[in-house]
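Chains here go by letter, A, B, C and D, matching the order in which they are written, and residues are numbered from 1 within each.
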Amino acid sequence: MRHDREESVQRAALENVPPFPHVRLADTDRLEAFSDGVFSITITLLVVEIVRPDHEAGHLLDKLVAQWPNYVAFLASFCYVGVIWLNHRAIFSRVRYCDRALHIANLFLLLTSALIPFPTALLSFALQHGNPFDAQVAVALYALISGLMCLAWLSLFHILTIRPYLLEKGIDPSFFPKERLRAWAGVGLYSFAGALGWIWSPLSALVIFLALPVFFGVTSEGLIETRLSLLRRGRP
Amino acid sequence: MRHDREESVQRAALENVPPFPHVRLADTDRLEAFSDGVFSITITLLVVEIVRPDHEAGHLLDKLVAQWPNYVAFLASFCYVGVIWLNHRAIFSRVRYCDRALHIANLFLLLTSALIPFPTALLSFALQHGNPFDAQVAVALYALISGLMCLAWLSLFHILTIRPYLLEKGIDPSFFPKERLRAWAGVGLYSFAGALGWIWSPLSALVIFLALPVFFGVTSEGLIETRLSLLRRGRP
Amino acid sequence: MRHDREESVQRAALENVPPFPHVRLADTDRLEAFSDGVFSITITLLVVEIVRPDHEAGHLLDKLVAQWPNYVAFLASFCYVGVIWLNHRAIFSRVRYCDRALHIANLFLLLTSALIPFPTALLSFALQHGNPFDAQVAVALYALISGLMCLAWLSLFHILTIRPYLLEKGIDPSFFPKERLRAWAGVGLYSFAGALGWIWSPLSALVIFLALPVFFGVTSEGLIETRLSLLRRGRP
Amino acid sequence: MRHDREESVQRAALENVPPFPHVRLADTDRLEAFSDGVFSITITLLVVEIVRPDHEAGHLLDKLVAQWPNYVAFLASFCYVGVIWLNHRAIFSRVRYCDRALHIANLFLLLTSALIPFPTALLSFALQHGNPFDAQVAVALYALISGLMCLAWLSLFHILTIRPYLLEKGIDPSFFPKERLRAWAGVGLYSFAGALGWIWSPLSALVIFLALPVFFGVTSEGLIETRLSLLRRGRP
């Protein structure tokens, strides 16, 4: 099917007609709508999970203060899903046509993203109730699922690298090859954090877990644009 | 209403004006948005159903490992809904106008798709707790609902076969007549699996239950394109 | 604001420019997306409410059969929300611009539609457990909320009657004035059913409750198109 | 990145080409879809929270009447989220391009909006069960989260003030500078209400809490249009 589509696009370019006549604005409209649905439900359900404390009369404040780790986990998860959405948007605004490989890579990404709240909850529970072995297990699971999510990004970037005819017109063809570096960094660092947390200390892995979404958020428009923008700010 | 619409389209083609002036990009925009909503909620709620195990300190790993059938059921359901969405997208990217029959067939499809997690849960419970009669019942229910879903696909394909004026321009009119074969295969095989599971052995039905979504996933772009693409790969 | 917008549209028509330059495909895109979100969540949550029966080994079938009123309530609610969505789509495919009144009428419609599962559940519970006074109360509440929903439709149709400049080009201006009849029929019949159920017998009200969504489903494309289509079928 | 984009837009305007060739209808399509998802789930889950009362035979009416504060809280929350959505729609119909700052301000807005049901529930519980200290705490929390939401609006309006090249063509550049006044009013009045409720009386804060969404609803199309429209109505 790949050669098929590539030929269609090339033939259409020569004859100056749209390559897939049944494609409306873009082939990715429904992929984007479906993904937005999954991301928006995931992020809204995080809010629902904030516990409304049972309390005796006059003790609401104590109870609210006591469940602060709950708020931290909520904020971290909200930012994480927000960062994933920002990256997803940045990628698919550059894609015009979809093939099956891209759809499957995207479903794999949705699967791993929607799973993130599961190890997050296990981790925050294990850290609060303090059994070291449980914390090791939760850290390893968190690293595993986050690492799988980076593999999903990697496969998206790789498909868009080797099939440049799927991109919108006017997109720099070196954009997605460079993006693969960001995904490799994620795969490597989550694996490292998982090993570190298992062997040495869960808390040291946490630092990497909290830092990586910040990195992916800052670079969500791609490595190139981010570097340019930093250079420009550095200048007077 | 059908003749009405057909006449409108033919008259408009002669006069070179859009047949339904109040239709924007495509008449199916809202059908697609509504269906994407239902599919994305269904697929995200699957993730929510993964149980966060209650465990004594130090026993998180044991508990997580013990609930492995849970993960298998989750993965199978996620892939199933993903495959349904892929097929839905492939069909409606080829449709430009909707009439009431198409809307009703689509609502029927949404009804049966959204029900799938119900017999899946009954089936995985019955298989784990091992009563043979319950497993027979669950297998029969699963076959019934999946078979009804294939009937919904069949009615969609049939409507698009007999009303080709609903399609986008440039779509091969033999596409949907051939697609009906895929739906008939589903109706037949789910009925067979249900009978097999009821009379002989629930486990033999399971093999068909797991194989059919794979078949529908592989052929989601239609029988014709799939055959072409396989032929092409076979060549050197 | 109303005169403001009317003037803009008239001025723009004379000068042959788009009346609201910042409006993209249609002003109703987000109203439709938001409403589709609410409808698709409402309809999917209906499925989630189907109870997975607790059962002793070997008694799954008995339990499944025993909860048949559950399935009837689910099917009725699913069809009802589906019919509401079909009507909503048919209306807003004819609307190009939105003003605040239309937005508020639509929010009122979403409020009443999303509430429908609440009296439905009360009604099915009261009918199964058979206390006549509870059934009267549930029937009256169901009639009240459904009647309010018809008032919301009425206000939508009325706004589109008195502000024809909000419609897409090519829409018959007598379409929405006639649609008001359908909404008045709903207001009247739900009030009648509520009174009948309270004074005489809840079951007689049920007949009206089940018949009205069928009527609104059959006429979802508007009274005019439905009559034409019936006439045409009647002819040889 | 900001200068980058500004230059692109200016260069493109001179050369009469679209400034960002990969942008389809508008850069905000996915921001709007994602936000609509979050808002529609938040508003639909409010309905789910209405309690179906457990009741002895014959006491449904008593139970339904007894939980009236529940309905008031539901209606207030529904209107509040509806007003937020109306304002969001009015803003983003005027925006054509998005940069990272706008995305982050929007995520901050979604975070605070989705949180509103949490302090609302605490407040309605505290007021019903009447401990004055709990009511003070709940009022302060409600004021804090609503105040943060107004800060999110303020940052949105500020970004669109200092980066006018993000707007759709034909939008009055003085629109968003004036909108900032609405957001400042919200920040100020929620702070005042929080202080009042903490020091003096929770009920006096409630009046402000209920009045402010009405104010934001009435002015959702912007201060300018609202004033014009009021002036016009005042005239004969």
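Just so we're on the same page, contacts are C-beta pairs under 8 Å (C-beta built on N, C-alpha and C of every residue); 3 or more make two chains touch, one makes a residue touch a chain.
Everything numeric here is computed off the predicted structure, so don't read it as measured data.
Chemist: Going by average Cα coordinates, which chain is farthest removed from chain B?
Modeler: Farthest by centroid: D.
Chemist: If you fit chain C onto chain D using the CA atoms, what's the rotation angle, as a multiple of 5 degrees?
Modeler: The two chains, chain C and chain D, differ by a rotation of 90 degrees.
Chemist: With chain centres defined as C-alpha means, what is the inter-centre distance between chain B and chain C in Å?
Modeler: So the centre of chain B lies 27 Å away from the centre of chain C.
Chemist: Roughly how many whole angstrom separate the Cα centroids of chain B and chain D?
Modeler: 38
Chemist: Could you pull out the residues of chain B that touch at least 2 other chains?
Modeler: Correct list: 25, 33, 36-37, 41, 45.
Chemist: Residues of chain D touching chain A in their complex?
Modeler: Chain D reaches chain A through residues 1, 3-4, 21-25, 27, 29-31, 33-38, 41-42, 45, 100, 103, 107, 110-111, 114-115, 117-118, 121-122, 125-126, 129-131, 133-134, 137-138, 141.
Chemist: Given the complex with chain A, which residues does chain B contribute to the contact?
Modeler: Within the complex, chain B touches chain A at residues 25-26, 32-33, 36-37, 39-41, 43-45, 47-48, 50, 52, 55, 57-61, 64, 78, 82, 85-86, 89, 92-94, 168-171, 220-221, 225, 228-229, 232.
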